[in-house]
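Multiple structures are listed underneath, in structure tokens.
In the two complexes that follow, chain A is the common piece, with chain B as its partner first and chain C second.
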Partner chain A sequence: MEPRDENREGLGGMANPGRYGIERVAYWLMRLSGLGLLAYFIGHIYETSSILRGEAGWDELLELTSTPELHIMLVIVIGMCVFHTVNGIRVMLGHGGVGVGRPTRPDYPYPPASQNARHKIAIYSAIVLAAIAMVYGSTVLFGV
Partner chain B sequence: MRESHIMKIHYGTALAAVGLVAVHILMRMADGYAESLEFANVVANYQFLPYAGLLEIMLILLSVHGFNGLRVILLELRQGPSYEKAVSYGCVAAMIGLIAYGTRTIVMVNVGMI
Partner chain C sequence: MRDTITLRVKRSESGGFDTFEVPVQKWTTVLECILYAKHYMDTSIAVRYSCRQATCGSCGMRINGRPALACFTKVSELDSDTITVEPMSNFPIIRDLAVRFDRLFENHHRIRPYLEPGDADDKREHLQSPAELDRYIQFANCIKCGLCNSACPTMATDTTFVGPQALAQAYRYVADSRDTGKDKRLSIIDDSHGIWRCHFAGSCSQVCPKGVDPAMGIQLLRGYMLGFRG
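And now, the complex of A and B:
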């Protein structure tokens, strides 16, 4: 291994949500939900193109996608979508300086001002809202 | 293009897409989920020009946001001049491909080529 690569953790390092608290979990979930949503989006564009095969092709696709397994996948997509949106707005506000606190003298143990209670609450809110949306999505899709 | 400009585009496409996706989902909920997915209903949606325009804008916004997001994730994993160039051009090519494929569906159904 090249010396410059010795400390590079790569995919394992990025995917490890166990360190650095809830902010790291949010970072990890943001990327995971982003990749999941992109995969769903590509699949959605492909599946809707089946309308070009006429009514028979469309009905065939609907039958194929109306299984409980695919409804569960849709519920997960709803959760990913809500988390990605709410956490994305939090990140945008943070980049704009909203909710990151006032600049202060750096004193030991140097707690990062940006990782404060407001942002923690926003992350937990994103998770709770995603869970609520998933429950609502389940009631619509499964007709409970 | 500067990364700061790319991130502004990333955030702009995200905010615009949130509003449009909300309209797209509400269209499905308004008629009832199952009824809204009936063939005649979906074709009518595509042939209603403002809605077809909304679908096209949404397709572009989400493709730009999605593939730029993928590019950011891939660049976080590894860096290097040739790698960065390959990832950036690859993501742009995939984005253009997806937009072209989605646009083909929207245009063909809109003009009645089904």
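And now, the complex of A and C:
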């Protein structure tokens, strides 16, 4: 019988952070923050290129980026940057086979050694450090 | 615990769910619920199963949104009066809960899932120490149920990704001290849609019913390919 469809979960399934614990949330946040940082990078190039229009052009754009809305965006960028860096180090080490446990004879209920406490601590640390950086960034940008 | 549960079965003909009230006991499995509905309420429900003891890997499906073996999932574990069963994601549907495994088996075969002893004329027994056995025996538990491929976020979007099942099996043979086909296997998976496509989300390991931990095998293999591990 011919297959009716591929039944792929698609982007919706890939981006769904539920069902599989904090590791899948980290996976989702990693992609989200990566895309966010890419968008910021493009915006940043556009911003700094305004200097080509001379001092007036630079001041004009600087004024635009000094609004509360842009400050909130910068605070989010700080959070994304910190999370992406810390979680990226965890993932890079994992990709090298570091900290993923060692093969053994598993016992029921088979807790996966690759999803061990060190990884969970690293993920929560990335989230907490991102939150702290965002709070600090807010105090600097908003002068609280 | 209630005496009955509501079983929602995804139907491929209508695209919707059919609902059945099924009697349950403390030890009733999801597969038993489906078979009860099939035997006494609607014989047209299509479901694949065989051993009923998590050995054959036939009854993989999404149970309340998460890939699991129906025979290995007790109703009492789910803590829900409504159980929704759907076919595994990332596999073509044959009908209702039955899916095709062609791609999984193709990818499994691609990584040469057999020992290559080198000298074919060598008839000696190849001894292994317990430590050498421990390096791969966990990955030899794979029953090819496909749950890992169903949970994998890369499989959800990349139709050419080799998948966690095949990659974990590649590690199983690479780590075997009796095997000499390491270079051939590594050249097969050393591809942008091979091992480098895994992003270590770890969902494959969380749904594996046999404790294979494909994510660990993939990362260990990648570490070996990157030169971090011997």
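Following the convention adopted for this analysis, the second predicted complex is superposed on the first by the 134 of 144 C-alpha atoms of A that agree within 3 Å, B and C clash if a C-alpha of one lies under 4 Å from a C-alpha of the other, contacts with A are read in each partner's own complex, and residues count from 1 in each chain.
By definition in this document, a residue touches a chain if its C-beta (ideal position, glycine included) is under 8 Å from a C-beta of that chain, and two chains touch if they have at least 3 such contacts.
The shown structure was predicted, so the numbers you read here are calculated from the model rather than taken from an experiment.
Touch criterion met: A:R19 reaches chain C, while chain B stays clear of it. Legend: residue contacts after superposition of the two complexes on their common chain; A:A113 is shown touching chain C, with no touch to chain B. In the superposition on chain A, A:N7 contacts chain C only, with no contact to chain B. In the superposition on chain A, the chain among chain B and chain C reaching more residues of chain A is C. Of the two partner chains placed by the overlay, neither chain B nor chain C lies in contact with A:S138.
By the touch criterion defined above, A:G94 reaches chain C but does not reach chain B. Contacts of A:T104 after superposition on the shared chain: chain C is touched, whereas chain B is not. Overlap of the chain B and chain C interfaces on chain A: residues 8, 10-11, 14, 95. Touching chain A in their complex are the following residues of chain C: 12, 65-66, 87-95, 99-100, 134-139, 141, 151, 153-157, 159, 175, 199-203, 205-213, 215-217, 219-224, 226, 228-229.
Those residues of chain A that touch chain C in the shared complex are 1, 3-11, 13-14, 18-21, 23-24, 27, 30, 91, 94-98, 100-101, 103-108, 110, 112-115, 119. Note for the complex: chain A touches chain B at residues 8, 10-11, 14, 31, 34-35, 37-38, 41-42, 45-46, 48-49, 51-52, 54-55, 58-59, 62, 81, 85, 88, 92, 95, 140-141.
Those residues of chain B that touch chain A in the complex are listed here as 7, 11, 14-15, 18, 21, 29, 33, 37, 39, 42-43, 46, 59, 62-63, 66-67, 69-70, 73, 76-78, 98, 101-102, 104-105, 108-109, 113-114.
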